[in-house]
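Chains here go by letter, A, B, C and D, matching the order in which they are written, and residues are numbered from 1 within each.
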Amino acid sequence: MAHYMRGMVTAVRPVKEYVRLSIKAERIAEEMQPGQFAMISAGTEPLLPRPFSIAHVDRGVLSFIFQDVGRGTGMLASLRVGDSVRLLGPLGKPFRVDVGDRPVMVAGGRGIAPFFELARRLSGRSPLLFYGGRTQAQIIETGFFVRLCSEIIVSTEDGGMGHKGFITEPFAEYLAKSTPPVIYACGPHAMLRRVAEIAGSVPTELSMEARMACGYGICIGCVIPTGREGYRRVCLDGPVFSGDEIRWQDLK
Amino acid sequence: MAHYMRGMVTAVRPVKEYVRLSIKAERIAEEMQPGQFAMISAGTEPLLPRPFSIAHVDRGVLSFIFQDVGRGTGMLASLRVGDSVRLLGPLGKPFRVDVGDRPVMVAGGRGIAPFFELARRLSGRSPLLFYGGRTQAQIIETGFFVRLCSEIIVSTEDGGMGHKGFITEPFAEYLAKSTPPVIYACGPHAMLRRVAEIAGSVPTELSMEARMACGYGICIGCVIPTGREGYRRVCLDGPVFSGDEIRWQDLK
Amino acid sequence: MAGLEVSIGSLRLRNPVLLASGCVGYGEEIAQFVDLSALGGIVVKGLYMSPRIGNPPPRIWETPSGMLNSIGLQGIGIHRFVRERLPALRQGGATVIVNVCGETDEEYEQVTRVCDEADGIHATELNISCPNIQENGRCPGMSQEHTYSLISRVRKASSKPLIVKLSPNVTDVAAIATSAEQGGADAVSLINTVLGMSIDTETGETRTATGMGGLSGPAIRPIAVRMVYQVSHAVRIPVIGIGGICDARDAIEFFMAGASAVQVGTANFMNPVASMEVLAGIKSYLARKGKKLNEIIGTCQIGRVQESEPG
Amino acid sequence: MAGLEVSIGSLRLRNPVLLASGCVGYGEEIAQFVDLSALGGIVVKGLYMSPRIGNPPPRIWETPSGMLNSIGLQGIGIHRFVRERLPALRQGGATVIVNVCGETDEEYEQVTRVCDEADGIHATELNISCPNIQENGRCPGMSQEHTYSLISRVRKASSKPLIVKLSPNVTDVAAIATSAEQGGADAVSLINTVLGMSIDTETGETRTATGMGGLSGPAIRPIAVRMVYQVSHAVRIPVIGIGGICDARDAIEFFMAGASAVQVGTANFMNPVASMEVLAGIKSYLARKGKKLNEIIGTCQIGRVQESEPG
């Protein structure tokens, strides 16, 4: 059940290329499950709230990790401690967590966000994390994951940190030898598509993005093409989809 | 000559019912004359800048005294030190200052703003200040004026401070006995109209208000009805008008 | 609540605040936040006879104080709606209005007939104004003749109250409203979205996949208020105001312009409880002013026309 | 600057950025901030034969991302303009376009004749679209027939380039544009303001004294881009895009939609150097993309129509 409420900003700080924003919002924090997101508005401009994965939950405080790419994120980046924002959440279908051992998480850039809480829930199952970025500035400290994951593989396109190249390369190598119970992925659509291809018959749980207006299912604006049911809403039917549901060729 | 520039907020603080906002903007500060105003924008929302009398000028810093009455003033009230705003100024026709002794200033509420600098320029001439508000919360400390003015007469409608009633009452009493070289006034239109009536043949310099879009003469949106030339622009042909120019009966 | 009821033909709405079509789906999701039985009604997303897949994404783009959408009337079709979604709405005590679509006049009539027969549908709102469905954004609501003939035809197919939803993309909205009235409409609602377009200057692609989209939200409110004013001076049937309503003050603007009721659309995306806030705000406004709703309808005063330029 | 010139009939504009009528008076005040000779041109405030007092205040009201105005074409008349204001504009090296108004077709013709004879006026822009001047906001630009007959008549009165400024308050702007083209226009410019209204809910008074006003600013940009797209697909003459342009990206949207030039209006109120910023931004955009202006005009791509709903 989603809550529409005010939350108070408790911290805003730059984390490499991103901003980490923490907001006190107890009711949402209590009910949130990994993979879910919240819609955040900081004022009347921009008009529409913006969707962000809930990265961390700690004593009633939600943390988000986001990239400042435009008006809405710019507005959020300029918030200060004590400011009040409007939140709607938790929203969307979470990741399945009733899975076997050594599940794999693949994160691209800001796609790392939902894996903080997911890793915590999966920690008994020795998850692996594949984490890629364009440059090292896109790779957040992985200290948090070290105690929760059995392996962490990092890559950057320019080789500034970890493997040089796309994260899907070491991921493909790993998959050639192992069969995880499930593959979670969050990142750019091109990466997700590649993950789905590489996964073959291994179940995938892919966190998709789309421009959203409402975030809770009423505008049908955020659809992606799926095989079974045509256009489906990322906000309500997702954001987590199985890779084989998606008609990748029709996805922009 | 008006400048369009950025200025940095150096102070924001409540002053009774008002907010005092100080902005570093040297070029405007250097050229400003009493009675002039500036257009201020704090962001993209609201769309249009808002006009405010320049109250104080001190070492390159402009100070404004304003009432938070809506979106634009609300936005300005929430500024913080270090924020950057856009300014256009100094704008408009200033008060005449080449006048004889014991000129009179009549201020209503936030209409006190332009009289700080004016009093400074007139200080050799022993000006008088009539200053009225609805309640004492609308009467800013008059310490500043004490050293510059020969007399200060305060009134509040509820009698909480000074004379009980409208400021035009003690002003009318004074005028029955004395003939100042000029009467300056700034405040609500009803007050200005009454001042003009009481003034009779004494010259008046009335600072008028109108909703503005541009503030520098290009939209013809801010007009008031005048006798001689029909509709005239408050921003460029004013804000200071002589009382006998205005067609009060057509003024809303 | 005394003094808030509004009549649309034979239908008596509890109060003048409705949810606008396309902005609340079939009501399920918003029912988490809003007690539908406390509102004047819900107008569900536009329905054809058959299911429709809608337009490809991207479907939405935010514009200054507004948004463009090209949802394209994705929907489950009137029959599935009646079977699968109407029961929950009935159970929730909602006053249900179906937004009726058609590719042809016949289809409008067919959908209306189904509504007429279904218990729990209280009225229909004929969407003669959706800019997404026909070439170059054209729709029946762009012509007086087509509006009149379509409404006359549909009118015969239904004994339930018939609302006609007008397009703003016309030269003379009051004339179209008059045609709708003459055709037998019990009320008109306006405005639907304004046709718009936006382009990504990096790629040259339009921001919605179909090129044009419908503009909604606060940006269009002044247009909507103007049209409600014009229409309410041209027709005798009730006018329902729509367009950028976010709070009670916005709604009251529409009442003063001549609307008897309002619909809240895009605001639901920004604030799921917007409609409840609008309703509560109307009540406190009326209490503060000591007035009944019908005492403020159409009361706006034009400033001082006597002095103005010709026209 | 190579690659930025634009031809409007026989007139060659230095570059595609003009100042919009009514948003810069007669150019004097903005010349403090902007070098008029560096812009494509200035369209001065609409002029009739005689001076006009304009509408009573209040004349303006801010709306979400826009503003309403009911200035009512206050102006000094074409003769005084030529005598008193044109000399300074000529001296400043500005390309001057006069926005021509008329209460009757004859007056439009008369004003145009005066412009035709005055040195230093480079072109006229026929304001067939001002919503303030005729009953209920109607204007010649609301009818194809009237547009055609008026333009044909005025065309004969002038050998200078003739731009026709279109109203957005119509069902089919492309049809009106076609009539203007057939009547002999060298270019069309669009959009003029969208008719709107706003009401003070405390007093019941309309926010502008005349009731309705013209809506301008970013709020209407998506409407303007859409209309430019429609018109540029319907006519062969150049299209000048207007509506909510605040920065270079906004201008480029219009070029991609099919405009050959743009006018900056309301943005001058927010930022006196907006037009210069637009021009500088266009130059750097073109440099970054390695393109000439005419290589981006009309290049917008509709997403993926093949999959879309009918229409």
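Here is the rule we use: a residue touches a chain if its C-beta (ideal position, glycine included) is under 8 Å from a C-beta of that chain, and two chains touch if they have at least 3 such contacts.
Note that the coordinates shown come from a computational prediction; the quantities given were computed from them, not determined experimentally.
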Compared with subunit B, which chain's mean CA position is the farthest off?
A
Counting C-beta pairs in contact, which two chains come out on top?
C-D
Would you mind pulling out the distance in Å between where the CA atoms of subunit C average out and where those of subunit D do?
32
Which whole number of Å gives the spacing of the CA centres of subunit A and subunit D?
46
Indicate the whole-number Å distance between the mean C-alpha point of subunit A and the mean C-alpha point of subunit C.
36
Among the residues of subunit C, pick out those that touch two or more other chains and give their numbers.
53-54, 56, 58, 65-66, 209, 217-218, 303-304, 307
Sites on subunit B at which at least two other chains make contact:
45, 250, 252
Sort out for me which residues of subunit A touch subunit C in the complex.
1-2, 4, 41, 45-49, 86, 88, 210-225, 230-231, 236, 250, 252
Complex interface listing, subunit C residues touching subunit D
52-56, 58, 63-66, 68, 70, 72-73, 103, 132-138, 142, 169-172, 194-199, 201, 203-206, 208-213, 215, 217-223, 225-226, 229-230, 244, 249, 252-253, 256-257, 285, 296, 299-305, 307-311
Would you mind writing out the residues of subunit A in touch with subunit B in their complex?
43-45, 80
Where on subunit C is subunit A touching in the complex?
22-25, 28-30, 32-33, 45, 53-54, 56-62, 65-67, 69, 71, 74, 209, 217-218, 266, 268-273
